[in-house]
Every structure is written in structure tokens, then in C-alpha cells.
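Here the chain labels run A, B and C in written order, and each chain numbers its own residues starting at 1.
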Amino acid sequence: MLSQFLQFLFSGITVGATYALAALGFTLIYNASNVINFAQGEFIMVGGMLAFFFMQSGIPMPLAILLAIAISALVGILLVKLAIEPARDAEVVALIIITLGASLVIRGVIQIWLGKGVHSYPAFSGNEPIQIAGATLLPQSLWVLAITALVVVALWYFFSRTLAGKAILATSCNRLAAQLVGINTQRVLLVSFALSAALGAIGGVLLTPITLTSYDVGIMLGLKGFVAAVVGGLGSGLGAVLGGLLVGIIEAMAAGYISSAYKDAIPFILILFILFFMPRGIFGAQVTERV
Amino acid sequence: MALLEVDNLSKAFGGVMAVQNVSFAVERGLVYSVIGPNGAGKTTLFNLITGVYTPTEGDIRLDGQSIAGAAPHELAVKGMARTFQNLQICMNMTALENVMVGAHLQLDRNLVRSMLRFPGIARRDRELKEEARELMRFVGLQSYWNLDASSMPYGALKRLEIARALAAKPQILFLDEPASGLNSKETAEIDELVRKVADNHVTVVLVEHDMKMVMNISDRILVLDYGKKLTEGSATEVRENPDVIAAYLGSNV
Amino acid sequence: MNALKRHCALMFLAGVLLLLPLALPNNYYYDIAIHMAINAIIVLGLNLLIGFAGQISLGHAGFIGIGAYASAILPTHFGWHPIFAMVAGAAMASAIAAIVARPIFRLKGHYLAMATLGLGIIIAIVIKNEAAYTGGPDGMPVAALGLMGFSISGEKQWYWVLAVMLLFSFWAAQNLIDSPFGRALRALHGSEVAAQVMGVDIVRYKAAIFVLSAFFASLMGSVTAHYVGFVAPNIADFFHSIELMIMVVIGGMASIYGSLIGAVLLTALPQALSTFEGWETVAYGSILLLCMIFMPKGLVPTLAARFGRNDQEEH
């Protein structure tokens, strides 16, 4: 009983960590520009796929991973330069469609370049499962959790202790005011997207040894990451992390105890529930509109 | 019985009391102005009465019926119309269409009948177009009727909102700073327009900063300061009230 | 649009539909034309929601799937007459739309997008999983559509059925836009609070147009199922929803004829791209991007603005 519960919990937290990173990416970009980046999931995919590609080309694992993350960040920057900036004042609907278009392009390019196959690479420290109270935990899961925690702490430090981080937060509160105090909001946007892409890529790189990667894993991962961000309250970093973990755990529990065929539907049922009853999410801010 | 009665109305936004214990009554057929320094709660008061905000406390009665907390579209049914301080024109439509929407509640709005273009609907639409053109003439916009709203100048749009509100054939009309952003010539035109509207037996409640206009056309004036009622009375009474002078000009004058 | 322009446009469309068969050399082209018409009708309904009312739906293919599978399952597994199955499918799609409409349309922007997205995905997953009824990922065959012994079969017959449906849909959509209901819808898009104070119950109107577009999507899903003779779960998936969005966006939001153009172009595109196998995704994405960046209002409105200006004062 307990072992089963723990098993589901472990797998839920592991994938939840990836959702958390994706959710952080969504939150970051939303805060910097009020845009929901539907291409976020593709960054996760790019991270995993590129890491695989580089390793397969003979590059040692640590370097391959760094390269994958760096290139992902680059893709994020390209996204801003080529898609977001030219459409500066567009309506919300238009921006959603633009990021959707960008996600298609990214996915399409990877599909043409690296094919439709499913790929993976060895876990960071081997595959010996660790036994805890009757449940097994993969070492890679520990890597996922540890690195995610590290990233979250680093982000927290960045946003609350560094000037650059505060500049980004200022931009998200009031773009015009930030510009007026000399913050380069253009650069803030670039940094947000690059950081967001890197976050997604890190998640993808960490998760691939467990769940494998392919050109189309980005869609679901991204959507679930978005669900996590909304669950936690769009715009709240803490909410994103907790939302990600919550979505991962609920998904794993439901899949384990109720039905695994509907595993993918669970986050969306959850989001409908949240949107209907708690549209601001768990930590979201109350907003009043001025007329 | 007064047309509009506001009873101990309060609205809190978090810790801020935007409107506090405000009570007043508006008699039928009068022009009633609400004035006060910026931030006094005038637009909030309007938003409360017209259903955009829900009161924290207190009651609002239209024709004796309590309307506090009613939704804006329900209040439209009861004969309330308003314009907005920050212009809420539908820029995606033409000027004429904007005015026609004002008459929304007088028309057949059934989905199926609209899709099948029942003869009644088409005929009524033609009549409405004529009525809308008349209204635009009434407010002085006769040369704009075929234009997209997005290409009209600011002053014209202010008048368009009034035409739209009048299309609803309201019994009470709320004008939220109709002269804001206008030069003195345009303000005088609005002044005249509001008079015309009042002469047509529409009760007008006005929020305005332009004191000349307010003193000119108001039958009664309510003065708000920091969300509270400072005083109420005729133009002369208000103008000579020392508290009003202190609130507007500072008490060391 | 004034009455004259409306009638002319409709006559023109009727003329095109009447004469088109002369230009279609064989059944393959009829097939494409039929799919264009089906998509045009769906996109028309979707455009009413997105372009005119200013809302968004990223899960519309779900409603198409409901209609398609109702027409597949009810006759095959339960012996229903196809016409009743079609009506039942439309009723179910409308019911689902109606139930989620009120809570969904209190949301705006990204939240609304997410909610509609979630709905579509859930429907698609249900279809894929309930294999006993739906045939699962492999899909299932669909009986022919018929009335009193006469069944519609063959591309030529379906072409005329669809031509009539298309004309009717366009006529109805034109009527709707130019009616009090339609104006209220557009006003809602322009300024929600202004529409409210003029008596428009915005949530009810959004819900109504959502249900209407779901109804049409479901009907066309049934038509597709009967025409193709087969249904597979991808008819309800996210990618199909995106395709439809693209058609709305490319052709022109808030443009009735834009819906037609968008549907025509995007239905023809895969055929044109079939030589560049594997490039569809990149092509779709690029088209979406370029269109939204350079022609955010879509093809037809952008061209219309260029060739006919409505901003000169009249004296």
C-alpha cells in the first residue's frame, strides 16, 4: 500500500519537477511581456533532442548538455527577435497565435533535421534503482529533483538579490515605469526568453533518460507546464513551482489509482476545475479593472 | 419620490474606502452634478450606481426599487444609460453602428430569427438606421455617420458616446466627465448639448471638473471629497460654501 | 456591409459554386473542393466566435470529433438512423458547449485559451481511449448518409449538398452580423463594459455564439464522417484545432469571405506541400507567423482596407 503510494509519489514529483521548470519559464515570460509562450514546450524538447544529438556525435556528456541548453537559449532569443518584437502591439489572440506558429516552426525544424524517432541517452549516474520503503526511485529522478531545486534557488537569488533580476520584475510590474527609470525593457524581454528557454531545456535534458525524447514531446509537456503555471497562479514564481509539483503528483496518482489511459487528460481536467472555481490560481493576484 | 436615491453607499477596495457613507437623491428632470477634487470617488460612485462595481455597504434605489449590486445590463433595462470618462467606444465598428447598439434593448435580439433574417428584423434595422442618423445630427455629428469610429477625433467620440447613450431612450443619463480633454469651444458645445438633453426630459447626472460648465447647467450639485459627501445644494450655495473652497483651493487661502 | 453588397457577394459565391464543376477535371478535385467547403463552414462558425466576438477557441476540433463520432457510433453500434445520429451529435456538442460556456466565458485572454484548449484535448483523449465504441486510435468506418432509401454517394452528389450548405451558412452568417444580435457581438468585442451598459449580457452572448459555432462544427464533423466513410481520432486533436485557427487568422478575422479564402488556401496547402514531405509543420508555422506579424487582420481585411477606405468624412 505504502510502497505503491510512494511509487506514484516519486514518479509524480519527478515529472512534476519538469512541469515546474516549464511553468517557471511561462511565468517568467508572462511577467516580462504579458505573453503566454506556447512554444515553451518546444524548448524542453529541444534540450533533450540536442543533448542526444551532441552525445551521439561523440561530444562528452557534460559539454553536450551545456551546448544543448545554450542553443535552446539562443532559440529563445531568435523567437523574440523574429516573432515577438515585430508584432509588438498585437492583441492577445495574435500573440498566442504567433507563439503557436513559432512552436510549429521549432518542432518542424527538429523533425526535419533529426527525424521522428524516439531517442534517449544514459542516465547521469547509472540506472541502479534505489529502494525506499518498498518503492523504487531511479537515481536520475534524484538528479531531476536536485538540479531543479538548485535552479529554483538560483532564480530566487537572482530575482531578489541582483539588480538584473529586479529589473526584470520591475518591467513586469509596469513596463513604462521601468523604461522611465532607465531599464532596457528590450533587453529584459530577450533575457526572459533566453532564461525561459534555458529552464525548459534543463528540464528536458534531465528528464530524457527517464521518459525518452522525440520531436513531438514538447506539445504535451508545454501544455502541462502551462496548466501548472495557471494552477499556481500565473505570474507567481512560487506558484509555478508548487503548481508543477502538484500537477505532476495528481497526474501520477490519478494514473496509478484510477486509470492510466486517461493520464494525459488529468492535468486538463484539473485546469478546467481550477479555471472554473479559482481562476487566479493558488497564489495569483486579485486584479480590479479600472473603467 | 426621487428618481434616484443613494443611501449610505460605501465601497472599499482592500483597505481603501473609495466611497464612504454617501447619501443623496436626484429628482426627476433635473441636471445633477457631482464634483470634487481628483480621487474624490466620483467615477467610483458612478460605477457603483451603474452596476460596474458592487457596493460594500448601502443601498441604491431607482424609482423606489433597490438596484444595488445589479449587473449593468440589467440596469440598462431599467432605463439607465451612461458615458465613460475613458471613452468606451467600439473602435471595431462604424460611428452609426455604435449608436445603433445603444438601442439594443428595443430590438429583436433572437439568434435564430437574426440568422434567417425575418422581415421584422430587417425593417426595424432600417428604421433604426434613420433614428441613429437623427441622433447623430442631434449631437452635431451629422458628417461622421458613415465613418469608422477609429478614424474620428476625440471630441467627436465624446459626443458619439452621448448619442449612443441617448439611443437607449434612457430615463436617467450618467455623463462621466463629458468635457474632459476638450478645449473651451468644444466644452461650450457639450454644455449646450447637455442642456438640450435635459430639455428633452431626460434626468442627467453629471461628473465634471469644468466649473464654469457645472455652475452653468446644474440644478443641484453634490460635492465629494476623499470619498465622503462634503455638501449638497444649488450652484450658488455650493460656490459659497467654505468647506468646498477649502477642499478645492486649500484652507490657507 | 449594405444590402446591395451582401446580395452581390452571395450571388457571386452562388455563381462560382455553380460553375466550378466545369473546371474540375476529375473526382480528386471534387474531393478537394468538398473539403474546402466543409472547412469553410466550420471556419465561418469559428470566425464568428474569434473574429467577431473577439473570443478564442483552441479546442474546436473537439466539437467536430463529437459530431463525427456520433455519426459513426450511433448508427453502427446502436442502429440509429444517420440523420438522428447527426442531430444527436450536434445536440451533444451544443450541450457540452453550453455547460462549459458560462464558467469559461467569465475568463479572458490566456485563461480562456487554456480552458478551450483543455476541453478539446479531453474530448480527443476520450475518443482515443474508448476503443470499444470508437475503434480507438485506428478509427472506425461510417455508414452512408441517406434519407428514405436514397443515400448520398459519390463526390459529385456530395459537392452539390455541400454547395447548398455553404451558401446557406454564408447567408445566415451575413444576416447574423448585420442584425441586433450581431452588432451586440461586435460591440462586446469592441468594449465589453460599453456593451454591458447598453443591455448586452455579455456572458450570455459569448455563450450563445460559442454554442452556435460548436453546433456547426459538430454538423460538419458528421458530414465529414459520412462523406469520407471513415473517422479517426485525429479529427478531434489539437493539431486540427490549430489548422482551423490558422484558417480563421489567414483569411481574416471578422471577415465572412475571409473565412472562405482561409479555408480554401489552407485546404489546398497540404496538396501543394505534398511534394515537400515533412515540411508541413514548418510551413504551417511559418505561414502563421508571417501572417500574424505582417497581416494581423488577415488577408481579406488587409486587402479590403487597401482598396477601399472608410475613413473619409462625408458632407
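Here is the rule we go by: a contact is a pair of C-beta atoms (placed from the backbone, for glycine too) under 8 Å apart; a residue touches a chain by one contact, two chains touch by 3 or more.
Just so it is clear, the structure is predicted and the values come from calculations on it, not from any experiment.
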Central chain of the complex, centres being mean CA coordinates: C
Identity of the chain that, by mean CA position, is farthest from chain C: B
Whole-Å gap separating chain A and chain B, where each centre is the average of the chain's CA atoms: 48
Centre-to-centre distance between chain C and chain B (centres being mean Cα positions), rounded to whole Å: 40
Euclidean distance of C-alpha centroids - chain A vs chain C, Å: 32
Residues of chain B whose C-beta touches two or more other chains: 52, 84, 88
Junction residues of chain A, two or more chains touched: 291
Where chain C touches two or more other chains at once, by residue number: 193
Contact footprint of chain A on chain C as seen in their complex: 50, 54, 56, 58, 100, 103-104, 106-107, 109-111, 113-115, 117-119, 121-122, 125-126, 129, 193, 238, 242, 245-246, 249, 253, 278-289, 292-294, 296
In the complex with chain C, residue positions of chain A that touch it: 30, 36, 82-83, 86-87, 90-94, 96-98, 100-109, 111-112, 219, 223, 226-227, 230, 234, 261-262, 264-265, 268-269, 271-272, 275-276, 279, 291
Complex contacts: residues of chain B adjacent to chain C: 50-52, 71-73, 75-77, 80-82, 84, 88-94, 97-98, 100-102, 104-105, 107-111, 114-117, 121, 125, 143-148, 150-151, 164, 168
Chain C to chain B touching residues, read off their complex: 171-173, 175-176, 178-184, 186-187, 189-191, 193-202, 208, 212, 254, 310-315
